[in-house]
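In what follows, chain A forms one complex with chain B and a second complex with chain C.
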Partner chain A sequence: MKRIGVFVCHCGTNIANTVHCDQVAEVAKDFPGVVYSCDYKYMCAEPGQQLIQDAVREHNLDGYVVAACSPRMHEPTFRKCAERAGLNPYMIEQVNIREQCSWVHADKEKGTEKSIDLLRMAVAKARKNEPLSSSTIPVTKRALVIGAGIAGIQTAIDIADNGFQVTLLDREHSIGGRMAQVDKTFPTLDCSACILTPKMVEAAQHPNIEMVTYAEVTAVDGFVGNFDVTIRKKARYVDFDKCTGCGACQEKCPKKVSSEFEMGLGPRKAIYVPFPQAVPNKPVIDAEHCRYLLDGKCGVCKKICPTEAVDYEQKDEVIVERYGSIVVATGFDQFDISKYEEYGAGRYPDVITGLHLERLMNASGPTAGKIKRPSDGKVPEKIVFIKCVGSRDEAKGRPYCSKACCMYVAKHATLIKEKMPQSKSYIFYMDVRTGGKSYEEFYKRTQEQYDGQYIRGRVSKIFQVGDKLIVRGEDSLIGRPVEIEADLVVLAAGMEPRADAVALARTLGISYDQHGWYTEAHPKLQPIETHTAGIYLAGVCQGPKDIPESVAQASAAAVKATGLLSKGELTSEAMIAECNEAVCAGCGLCISVCPYKAIEKKKVSERVHGQMKERVVAVVNPGLCQGCGACTVNCPSSAMNINGFTNEQILAEVDALCQR
Partner chain B sequence: MGSIQLSNTVPDSDEFRALLKKEYESDLSLCYQCGKCSAGCPAAFAMENTVRQIIRMVQLGLTKEALTTYSIWVCASCETCSTRCPRHVEPAKVMEALRIEAKKAGLVADKRADLFNDLFLQSVSNHGRLHEVGLIMRYNLLSGQWFKDAMLAPSMMMQGKLKVLPESIKNKEAVAKIFKNVQKKRGGQK
Partner chain C sequence: MSTVEDKKQTAQDWEPNIVGFACNWCTYAGADLAGLSRMQYPPNVKLIRVPCSGRTNPQFVLRAFQKGADAVLVAGCHPGDCHYSTGNYFTRRRYLLMQRLLEYMGIDPRRFQARWISGSEAPKFRDVVTQMSEEVKALGPNKKLREEL
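Right after this comes the complex of A and B.
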């Protein structure tokens, strides 16, 4: 019979206030198998662990149970403690009498009773614990970065600089993302392209970076260290090896299309490079608008191309590549302002968003940097900004703060005053949130030096009178309704997850919140990791951020990814499924439910009545199995067991609870 | 102006806010005072306090001030505010709740509006629908402004807009039953 020790932790007063810890330790002495039991103020602290190690040696314990906080917090601590005491780390159990007892109960007697029950169960289980060991799996020393905005580019460069191969993938045909659309950046007003394009070029030319644009991830198999990623490279209809990027095709293409990059404010052609600094700077054909691809008529680009690079026969190409780690940096969509019908958004051409204004201010934009109204091309004088459009608005399903808008509105007001000194900006706000280095000072300057008129209140309605837009709001500080006759209204549209963020999350097997932002493994202590080992997050896909924050997270993700790649091999989980081949019927049900594709069939030979017979059984790949247990509950012959959570152990716990 | 003693007013009015939440499903703690309600209110021009300010009064525990403000009786219940509120506070419902509570507490600021409301409901409860002439005559008599809008009557009558005698609907008992049910539920007049 195994000799079990019990250690009850007070967690300061966290547990001791609601549970009689001494009583729990006393009762535990009578549990079958328990040879030693005590309580202590902080089991996780150095003296607490010393106490455990001493008790293991003194009482010759085979295993022990710690009644303390959540195993999520300290199971690794107590496993290591067991190792130092000379035990197999899997011979111990941790009972959570903090989150499950003291924090959720007010009655000390009931809290104590429940703690005793939980402990009794854990002791019964610990008696059936067996030593476990983990195996190792090799790591593919390559990383994949999905999304090539500023976050993705920074991650790729950092991984590449650390000496690892990295694939930088984007579904658009140029890298650069949202930052490429931005004119200037707060709080220093650097030109966005001037600081972004060197990074784009660096990424394109780095020997360790493979740039795959105009491509999408369609499937991900495998697990940490060895992801098999299926990538669909969309047909560009232009042979990049032949194309010199001369631009003749773009010039001659007769089909004009509204440019997505210019937010619909300017045209592009059906064969196009989205913006002058695009990387790669070679055109693609937009199959939805190309006259030749639609009707078989035209073909001008093919005729004009001096290097015969245009190839209408090109098809999508699907490749499968293996990566050790994945960084997701897919960014955001701008909130769809047409949901604000009271602002006439989508109906009035002069009610625009911040990104539209960025393009109107940009020297390479549709107006060559002159701010003109989309409706009639007039230069606006009175400009109204409305903040929190699609942010902090539960009625529109967006209760969160988009974080960057307060600063970008201040930036817009500053830049507009610089460009057009006769203009006047009115800014409707509810709160001004300028937490960030030099942000508050920037906002102050917008008011003091650039004449930004801040009005506290949310606008209720915008309507058109003549060529003016009447903006009606309340100045809530004076408590009276106010009206402004505006020439141009800029809605500080918030950020929302990409429309297909959830679909990608499902492909990758990572979790997301109710809005579609990807969820980090821990909001404070693991803000880069996802719940899926080997997949990390960078930039806005995890939640609204500005550029400096995205870059910081990108570099952090690169460190995490390279940390994984720099290991020669990974230690796999010890608590994984194991098949008892003697009872396995080979039905294969486990194979169909396994989310990690970790189970396969194999043939075994055995002697039955003097004859050799072949039989099919299931076999678990220890490198892939994550110990989720789906196979064990599904197995009709109880052949599948999770080591450390065997059917026998769980039944022992149930028995212990029933027999009290 | 003396300062408001928030350390008294706020805890003392907890009960009133709890009542608004329980009886009227109006949780005023949701309101973040953006003013979108007041900005779009078509009756705001006639209000001494905007809707947002009235909600703020309740948040700060100035219950009596909120109940006695004339503005709650100016509200036309058009519900523009409720439609646009980003926080689901439903200000129109709050105004209605305050009117009911003001009536219960005998703190009605606009006696005429209150009288008009009562007579309107009485007329509907009696006939199953509104009898305009009866309502106006009783209202003018009881509010002491005998000839208010009287000059409009001849031309409206000529165009057939006014009926002297009340017309009842087919099943006016059904409407009467609605009134009875509401009275039973509210335990009061309105």
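Right after this comes the complex of A and C.
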């Protein structure tokens, strides 16, 4: 039988005013298990804690109950106090007779009565307390960053600068991501490549960063501190150790393919680097289009290569690496504008998206920076922009705002006017949302200095007459229909999650919302973390963002990851689930309700009637369990329990509350 | 005559005993906030702190009625706000079913409530507790499922 002590706190007059603390302490002496009980003015103060420690030693207490404020306030204090008295910190209970009693009940007699009930409850629980300890898990001091756009690059550089090894992985064969496709950046109009490429090179040359491009994550096992990640490195058919990046193969390759990087506006070869500033700047062979790999004829690149780097025999390589933490920075896809039939997207070559226009404006793009219509190469004069295409449109399943479009349209209108002073931009908008430092000013300049004409209203139809696109819409501010004969129409296509975002989320075991954006652990207070410990988010994969926000989140993710890696070991929670293997039937119902994937099946062998038998039981991973208790309720055989909130403890509390 | 009056007097004085299961993150915090804001409510509901409303095994509810509780409250974060992301969805499903079962067994649905009270909803906590106390007081002591004393 445990020897329990009871300490009733007055909290100055906070409790004592509406509760007879002395009476409560007196009544408690008769509770089963209580061998000592007293009251004192301030239990949390130094003399109060000393009083507790002295009583523990003098009365040889196994545990104690403090009746005071909320355990959310002082439970850590009294646990530490127990430790100093030589007790296991989990042998104590704190019962809330201030926030939930003295402060809310003015009637002193009733308050006293309730305090006694609550105290009886806590004593009943404390009698069932068992010493608990937290276990430790070693941490692998390496991070994996999935996705090497600006967010991934920034995360990798920050983690690496903090002295940890990072693997920066991308499925494309150059790092750079979406930002590499962008011509200029708002609101300063500095060229995207000029600020991005130095970062790409820095990442590539950083001694702590290992770049793994043209590779994908196919499986993730393990848990926080120790993720075992299976990576498939796609065959490049070029030996990077031998290749010097001279570019001769690209020049001679006879096969032309429409370039993904140029949004289909220009050609590339079957052996190619996607853009001139690519990192690594060595080509790969696109097996889907290479004549040699398809039907064994050609082989020009192999013949021309001065270093014999071309290797048609290369195969995909699968490696398994261990990482302590993972940062997901997989970015976004541009909304598929062909879903807007009324805009003729896909039918009319001169109805393009913002990213197309970026490529048309870029000096190293398919038109060398001259804005020309994709259909006939003519220089457009009247350009119409339509905003919120694939954003804020419930009918298209995209009710959210893509956030960056208002600003990039303003940027496009400004740049077009600069390049072609005779041109005129018309911008159809629903609202203009330019929240952000210097953003509103930029938008104003677009209107006032760069002659961008903003028309509030939706466009209902676009159709072709001759070589003009007739844009028919409504100016809802004056309530009149408008019709513009445009040379070029740019749809400000919104952002949407990567087509395979959900598949990756399932591989990683992180959650995602109805659209496929990855869900943060808390929308306000944990915007970087996922529900899976050790996995963090950076950039647009969590939701639409512009570049500064992506970079900020990337650095934040790096801090989170570094914080985890800098610990030698992780301490797991003490109050977590535990499976009683003797009772467990191995049904696995607990596995299905665990939000943290913390429960696994394992085989145990035991001797039954002289024979060794194997059976399956559930086992809780202390590194992952957060102690929610969902498994305990689902367990048909009561094998699952939460330490500190066991079935026996809660039932004892129920019994004590009902027994009056 | 006097005995009837006595009985009336006893019924007037009778106070229900209500067991509450409060999730640590929302409802328990909401109850603490009610205290910090010095809100007043009847002392009939006594809270048992659980990590998550989804930790509340229906067995605990049945045990409370068996041992003499007049009503039981299970309260946690609003659906969608669970600290453990999905715990209260289980609570919601489980206790819709539970309430129907209890009703079938003859327990008035007002004696068993599952409510969503966030950490900032101190007034809601006060209102739920007050309303429940008043309703159960009007219903009188629970006799169903109750163990013979």
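Here is the rule we go by: the second predicted complex is superposed on the first by the 442 of 660 C-alpha atoms of A that agree within 3 Å, B and C clash if a C-alpha of one lies under 4 Å from a C-alpha of the other, contacts with A are read in each partner's own complex, and residues count from 1 in each chain.
Here is the rule we go by: a contact is a pair of C-beta atoms (placed from the backbone, for glycine too) under 8 Å apart; a residue touches a chain by one contact, two chains touch by 3 or more.
If you're wondering where the values come from, they're calculated on a predicted model, not measured in any experiment.
Looking at the superposition, the partner that touches the larger set of chain A residues, chain B or chain C, turns out to be C.
Of the two partner chains placed by superposition, A:Lys282 touches none, neither chain B nor chain C. Of the two partner chains placed by superposition, only chain B is touched by A:Lys461; chain C is not.
Of the two partner chains, chain B is the only one touched by A:Ala395; chain C is not.
In the superposition on chain A, contact is made by A:Ser511 with chain C only, not with chain B. In the superposed model, A:His356 lies in contact with neither chain B nor chain C. Taken together, the two complexes place no residue of chain A in contact with both chain B and chain C. Residues 32-41, 44-45, 49-50, 52-53, 80, 84-88 of chain B are the ones that touch chain A when the two sit in their complex.
Residues 17, 19, 24, 28-29, 31-36, 38-41, 43, 46-52, 54-60, 63-64, 67-69, 83-87, 90, 94, 126 of chain C are the ones that touch chain A when the two sit in their complex.
Chain A meets chain C in the complex at residues 70-73, 96, 98-101, 103-107, 110-111, 113-114, 117-118, 121, 511, 531, 575, 593, 595, 626-630, 632-634, 642, 645, 647, 650-651, 653-655, 657-660.
Within the complex formed with chain B, the residues of chain A that make contact are 342, 392-396, 430, 456-461, 472-476, 479-482.
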